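Each of the next two complexes has chain A plus one other chain: chain B in the first, chain C in the second.
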Partner chain A sequence: MGSQVILKRPTFWIILLATLAFALVPALTGNLELRENLLLGAVYIILASNLNLMIGYTAYVNFGNIAFFGLGGYIGLYVVNVLGWSLWPACLIAGVVVSLLAFILGTGILRLRGAYFALATIGVNEAVKAFVTNFEPFGGASGMYLSFSSFNALGGARHALWLAYFAIVVLMGLSLWLSLAIKNSRFGLGLFAIREDEDAAMVLGVRTPRYKSLVYAISAFIPAVAGTLFFFKNGVILPDQAFDLTLSIEAIVMLMLGGQGTVIGVALGAFAYEQLRGFLLVSSTFSQFQLVVAGVLLLLIVLFLPEGFMGWVYRHLPRLRRVIE
Partner chain B sequence: MYKMFAGVLLALGVILPGMALAQKTITIGFTTSETGKLNADAAPQLRGFELWRDQVNADGGIKAGGTQYKVALKHYDDQSSAGRVQQLYTRLILQDNADFLFSPYSSGLTSTAAVVSEQFGKIMITTGAAEGKTYKLGNRYLFQMYTPADEYLTSALQAIKSKDPNAKIALVYSNDGFSKGAADGAAKAAKSMGLNVVLTESYAPNTTDFGPVINKIVSSGANVLIGGGHYADGSTLARQLYDKKSNLEFISLLVAPDIPKFASLGKAARGVTVPSQWEPTVAYKPDFGPTPEQFREMFQKKYNTLPGYHAAGGYAAGLVLQHAIEQAGSIKTPAVAKALNAMDATTAYGHIKFADGKQDHGLQVGHDMVLAQWQKGDDGKLHSKVVWPKSAANAKLVFPLTTYHQ
Partner chain C sequence: MIFDLTASVINGVLVGAIYGLAAIGLTLIFGVMNVINLMHGATIALGMFSLYLLTTAVGLNPYLAIVPVLLGGFVFGVLVYWIAVHRVIGSSDLMTLLATFAVNMIIIGVGTAVWTTSPYNVDVSVPQLAISMHGYTIPGTQIVAAVLAVILATLLYGLLYHTRLGKAIRAVANNRAAAELMGINTRWVLAISFGIGIAVAAGAGVLIATLFPFTILSGANYELKSFVVVVLGGLGDPAGAMLGGIVLGLIEGVTAPFVNVSWTPVIEFTLFVIILVLFPAGLLAFKWGRK
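Our next item is the complex of A and B:
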C-alpha cells in the first residue's frame, strides 16, 4: 500500500493522534502514575494487535505469542546486562533474532491447522520456557537482574524509564500502523483468503506456506522489542514472568473484546481490558472480588457481543466501517 | 497573689497543650499477593504486618521527635505477577502518599518494585525476598529482613559437619530461582567447609515421580540429602524417600517441612529437617519488641494459628521500621535510612543487621537461619523442634535417622 494512500485513511490519523496522546499527555503533565497506567495499556495493545495478525487476519490461533515477548526480553537484557551494549541495539537484536526464529519455527508448525496448531503453540511456549530455565547464560531458573547502573547510560533511572515508555508508545503506534498497512495490502488480502478458506486460497494462487510463515515472523518482531523494553524497565526477568501463558490467553480475550480482524477495535479491546483490570484491582469496593467481576463482565460481553465491540459498532453504524478499520 | 496564680494557670494553659504529643499518621504502602500462586506465602506475611500495625496503634503509635504517628497500611493485590507491580508502587507513592514501603512477597516482584522505590528515594523494608542479587545492584534504600537465599542451607551443613565431617552429601533441588540460589550457595559453603558433595542434581518444579532421582541418590552412596524446593515437590520427595527405604542419615529440605501439614506424612516426616528463617519455639532475647513467646501468643490469639516465618518476617519488618523511626526521631528518609544502616539488634525474629557498603547495601548480614526437625514428642505426635544453632535450640538433633525411622 502506497504511503499516499495510507495517509488518506482516517484510521491512520486516529492511530497517529492516539500515539501522540499516549506520549504527550503524561510527559506534559509530568504525571508518573498516568504514565504507568498508559504503559501497561500500550504493552497490551502491542501484544493484542500483533496477535491479531495471526488470529484476526489468518485465523491461526496462537496461544504462544507470549514466547516472543519473553524471549525478546531475555535476549535484549542479555545484550544490555552481560554484553554491556546500549538498550537500542539490544532491542533491534532481540526483534531480529526472535523474528528469524519464528520464521524457521513457523515453517514447521504452520503445517498444522486448527486445534493442532493451537496446541503446538502452547508447546512452543513451554519448550522455550524450559530451554531458558536451563540456559545458564540467561541466568537459568534464577533469571537476570539488571544493575541500577544500567540506567545510567540513559541518563539515570528517571530518564531511562521515560525513554523506555516513549519507545513502547512508538512501538504501539507502529503495531497499529502495521496492522492497518497489512490489512490494506496484497499480502493482507492473501491472509484474509487463508482465513476464509486456506485450500481455496492455495488454488487461487496464494502461496499460503510462505504467507503464514511471514506473518508469524512479523507478529513476533514488535512484541520481542517490547519485551526488551518492558523487562528493562522492570529491572528483572525470570522464566515464570517472561513466559506467563495467562498473558497469552488474556491477549486473546482482548481481541474478542474489541473485535478480531479490526485495527482500532483490537486496540480499544486491549486498552479497555487493561483499564478494567486496573480499576478493579485498586477499587476499595471491588478489589476483594476483582477476578469474579472481571470474569462476569467478560462472560456478558462474549454472550451479547460475540463479534466484539467494533462488530457491534459496524452493525449499528455501517458507515463507520470505512472510517474506523 | 491572685494575679500571679492566674498568670501561672494561663501560662500552663498555653504550654501544656503544646507539650502534649501532636498526632499524625504515617502510611506504609505495599502490594501483596491476594490472588495467584504466591498467595499461600504472602497471606501470613500480611497478617504479620497487620498484627504489628494493630499493636502500634493500640499503644498510641510510633513516637518520633515529639510527634506520635499512628500507622496506616495501604496495600493492593499484585496477583502474584510482576506486570502491575511498578504501576501499583507508583500509585502508592504518588497518590496514596506512602511514607515508607514494604516489599511484595518473592524476590522477583521485590526487584521489580525496587526500581520504583529507588527512583523515588523511598525506604523499602523487604521481607519474603531472600534472593541476594537484588541488593547487589546499587540500591540505597532497600533493607532485607530475610537471610539471603544462598545461605539457606548453611545451618544444615554446619549441623552435618558437627555430626559427620566425612558425610557424603547429595544436593538435590527444584530447578526454580529460589531453590537454585539456595543450592548454589550450599555447594559453595560445602566446599569451603571441606564437606564432600557426591551428587548435584536438579529436578523440574512440578516433578511427581522421584524414582529416578532417588535411584541416583542411592547409587551415589550419599548418606545425607539436602535440597528440595517448595511444598508440593518437597513433601512428595520426603514421602518417596521413606517409601523406597533410602536409608539416609540426615535429610534437610527447603520450605516444605516448615509448613504444619507436612506432619501429616507421618513416619515419612519424622526426622526431616528444614532450614527456617524463624520458628515459634526459638529462644531469642530481644533488645526491643515482644519476646518470641509473646509474639507467638499474640499471633495465635488473633488468628487462631501458629505463626510461621513468613508471619514473623512481616511482623519484624514493621518492628524494625518502628525502631529506626524512633531512633531517628524523625520520619524523614535520610534520618531513618541512617538509623537502619546503623541497626545491630536482636528482635523476636532474631538478629538484624544490614550491610551498608555500596556493593551490597541492605543485604541482611545479621540474621541466622535456624534448623528445625520433626521429632516425635511424649504425646506420640510429631512436633517441630529447633535443633540448630545451639543458641536458639530447644531440642537435640536426631542423627542418624536410620534407626529413628524404625
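Our next item is the complex of A and C:
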C-alpha cells in the first residue's frame, strides 16, 4: 500500500477538486457571505471526518470530540496572544500538544469499552471545560480576546481572515485524505478489525491498545489546529462555545447522516447538515424548531437508515464502493 | 468552623438524596436494557415544567403534584420506548445513545419554543420545618424534598424486590434470553422499566424544582451529575445510585467552604473519569444484575 494506490483513487481527485472549489469560489467572487457559509461547512467536515476515525472505523463513540477543537483553540490563541508568536507555529503547537494529551489520556480511558467509554468522554469534555473556566491564564469564564495587533503580522485584518479561511479549507482536504489513506492502510485494517470484534483482533495479533491510542491521538490533531484557526478568525474564545457538547453530538449526527465509516459520505453529511441548519435558522417557520427538526431527522436515520446515505448507496451499488472508498 | 462543616454536611446529604433519586432513573434503564438514556436531562426538565404547570394552572399543592407527574412520566416513557427505543435495543451502543439523544433534542426544541430559555420558579415554603443552628438555616423545603426522595427510592426498591413485576425486571436485567424462555414477556418488561426510569427522573425534576429556579436547559446539568453518581454507585445498580448521590452531595457540600464553587465541577468530573477507568464496576457496587 502507499501513495501510488491513493493517487489512483478517484476519491483523491474528488477531494482535491472540492477543496479547490471551497477555496477559489469565494476568493474569486469576493462573496463574504458565501465564505462564512463555506467556512462553517469546512469546520463541520473537519470535525465529522476526524470523529469518523473513532466512531466509523474503530466503533469507539467519542462524545467529547469537541474538547480537541476547543482546547486547540485555547492553546493556539494563548500562543498568539500572550506569547506573541505568529499564527502558524501556534497552530502546530496546538495540534501537537492536544494530540499528545489525547494519546496519554487515551491509554487510560480506551481501556473502557462501549457505553463506558462514551460516558468517560463526556466526563473528559466537562472536566476540561470546567478546568478552562477556572484557569486564569486562559482568561477564565470571560474567555480570551485576540488583540488586534495579532492580525498585523499577517498583513492586516482583511488579509488575515482570508488566510485563516484558506488554511481551514486546506485542513478540510487533509482530513479527507487522511481518512482515505487510513482506510487503505494496514493501520486502517487493524482499526476495522477492532470495530468488528476487538477480542478476535487481539488474538489475531492486532496490538489493539496501541492502535486505539494512536487513532485517538490522530483524530485530535487536525481538529485542534482547526480550533486555533477558527477562534483566531473569530477573535474571541469562550469556554461554553469552545466545549459545546451539543456541537460534539451534532458532529455524530453529521457522520450518521452521510454514513459512518465512509469518507465521501461523512463529508456530504457534514455539508448537508450545515446547509440544513443554516436554512432552518433563517427560515421564519422553522427557526423556532431547528432543534426539533434536527432531532426528528436523527431519529429517522437511527431507526430506518442506520447505515446513512452513502451506506445505502453502496448497499445498492456495491461496485461504486470499490471504486470510491 | 465546625458549624460551617456540619451545615455543609447536612446540606450535602439532603441535596445528595435528590441527586440519588434522579440517578436511579438513569441507572435502572441502563441496568435493565444496557441503554444510556441521553434524554434523562430533558426528562428532569419536563418534570420541572410539569410542576410549574400543575401549580400555576391547576393550583395543585406542589408536593401532591408528584403523583400525576410520576404517572404521566411513566406513560410518556412507555410511549417513547415503543416509538424510539425498541427498534434499536440490542444494536450497537451508538444507536441507542443516538435514539435517546434525538428524543432529547426534540423535547428541548419544543420546550425552548414554548417556554424560551428564561428561568422559572415555583413558590414553595415550609417554614415550620426549617432548622436553624448558629446562624445557619436548613430550609424546610430541602428537608421535605430529601425525605420524599428517600420515600420514592424505597418504594421503587420495594417494587423491584418484593413484587412479581420487580422479579421479572431483575430477571430481564440478568439475562434477557433466559427470562424470555421462562415465559416472561420481555418486550413489555423493557417498556415498563423504561417508563419507570423516566417517571423517576421526572419525579426528581419536581423535587429539584421545589428548591431551585430552573430553565428548560437545567436538566442537562443534572444529567451530568447523574452520570457521576451512577459511576460512583456502579452502573446499573439502583441501591448504589442512592448512596452515590449522597456521596456526590457530600463532596459538593464539604468542598464548598474550602474551594471556590466554580472548581467543584473540575473535581467532580476528574473524579468521574478516574473512577470510571479504575473501578468500572463502581465504588459502592451492590450488584443486583450481572453484566
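Points worth noting:
By definition in this document, the second predicted complex is superposed on the first by the 312 of 325 C-alpha atoms of A that agree within 3 Å, B and C clash if a C-alpha of one lies under 4 Å from a C-alpha of the other, contacts with A are read in each partner's own complex, and residues count from 1 in each chain.
Quick note on the criterion: contacts are C-beta pairs under 8 Å (C-beta built on N, C-alpha and C of every residue); 3 or more make two chains touch, one makes a residue touch a chain.
Just so it is clear, the model here is predicted, and its values are computed rather than measured.
In the superposed model, A:310 lies in contact with neither chain B nor chain C.
Within the superposed three-chain model, A:229 lies out of touch with both chain B and chain C [touch as defined at top].
When the shared chain is aligned, chain C comes close enough to touch A:296, but chain B does not. When the two complexes are overlaid on their common chain A, residue A:55 makes contact with chain C while staying clear of chain B.
By the touch criterion defined above, A:42 lies against neither chain B nor chain C after alignment on the C-alpha atoms of chain A.
In the superposed model, A:264 lies in contact with neither chain B nor chain C. By the touch criterion defined above, A:238 reaches chain B but does not reach chain C.
Using the contact criterion defined above for the overlaid structures, shared-chain residue A:123 touches chain C, although it does not reach chain B. In the superposed model, A:134 makes contact with both chain B and chain C.
Residues common to the contacts of chain A with chain B and with chain C across the two structures: 133-134, 141, 288, 290-291. Of all residues in chain C, those touching chain A in their complex are 30, 34, 36, 84, 87-88, 91-95, 97-99, 101-106, 108-110, 112-113, 220, 224, 227-228, 231, 235, 260, 262-263, 265-266, 268-270, 272-273, 276-277, 280. Residue ranges on chain A touching chain C, taken from their complex, read 55, 59, 61, 63, 108-109, 111-112, 114-116, 118-120, 122-124, 126-127, 130-131, 133-134, 141, 245, 249, 252-253, 256, 260, 288-296, 298-299, 302-303, 306. Remark: chain A residues 32-33, 35-37, 39-40, 133-134, 140-143, 145-149, 157-158, 161, 233-236, 238-241, 244, 246-247, 278, 281-282, 287-288, 290-291 touch chain B in the complex. Residues 34-35, 76-77, 79, 81-88, 90-91, 94-95, 108, 111-112, 114-115, 118-119, 131, 133-134, 137-139, 175-177, 179-181 of chain B are the ones touching chain A in the complex.
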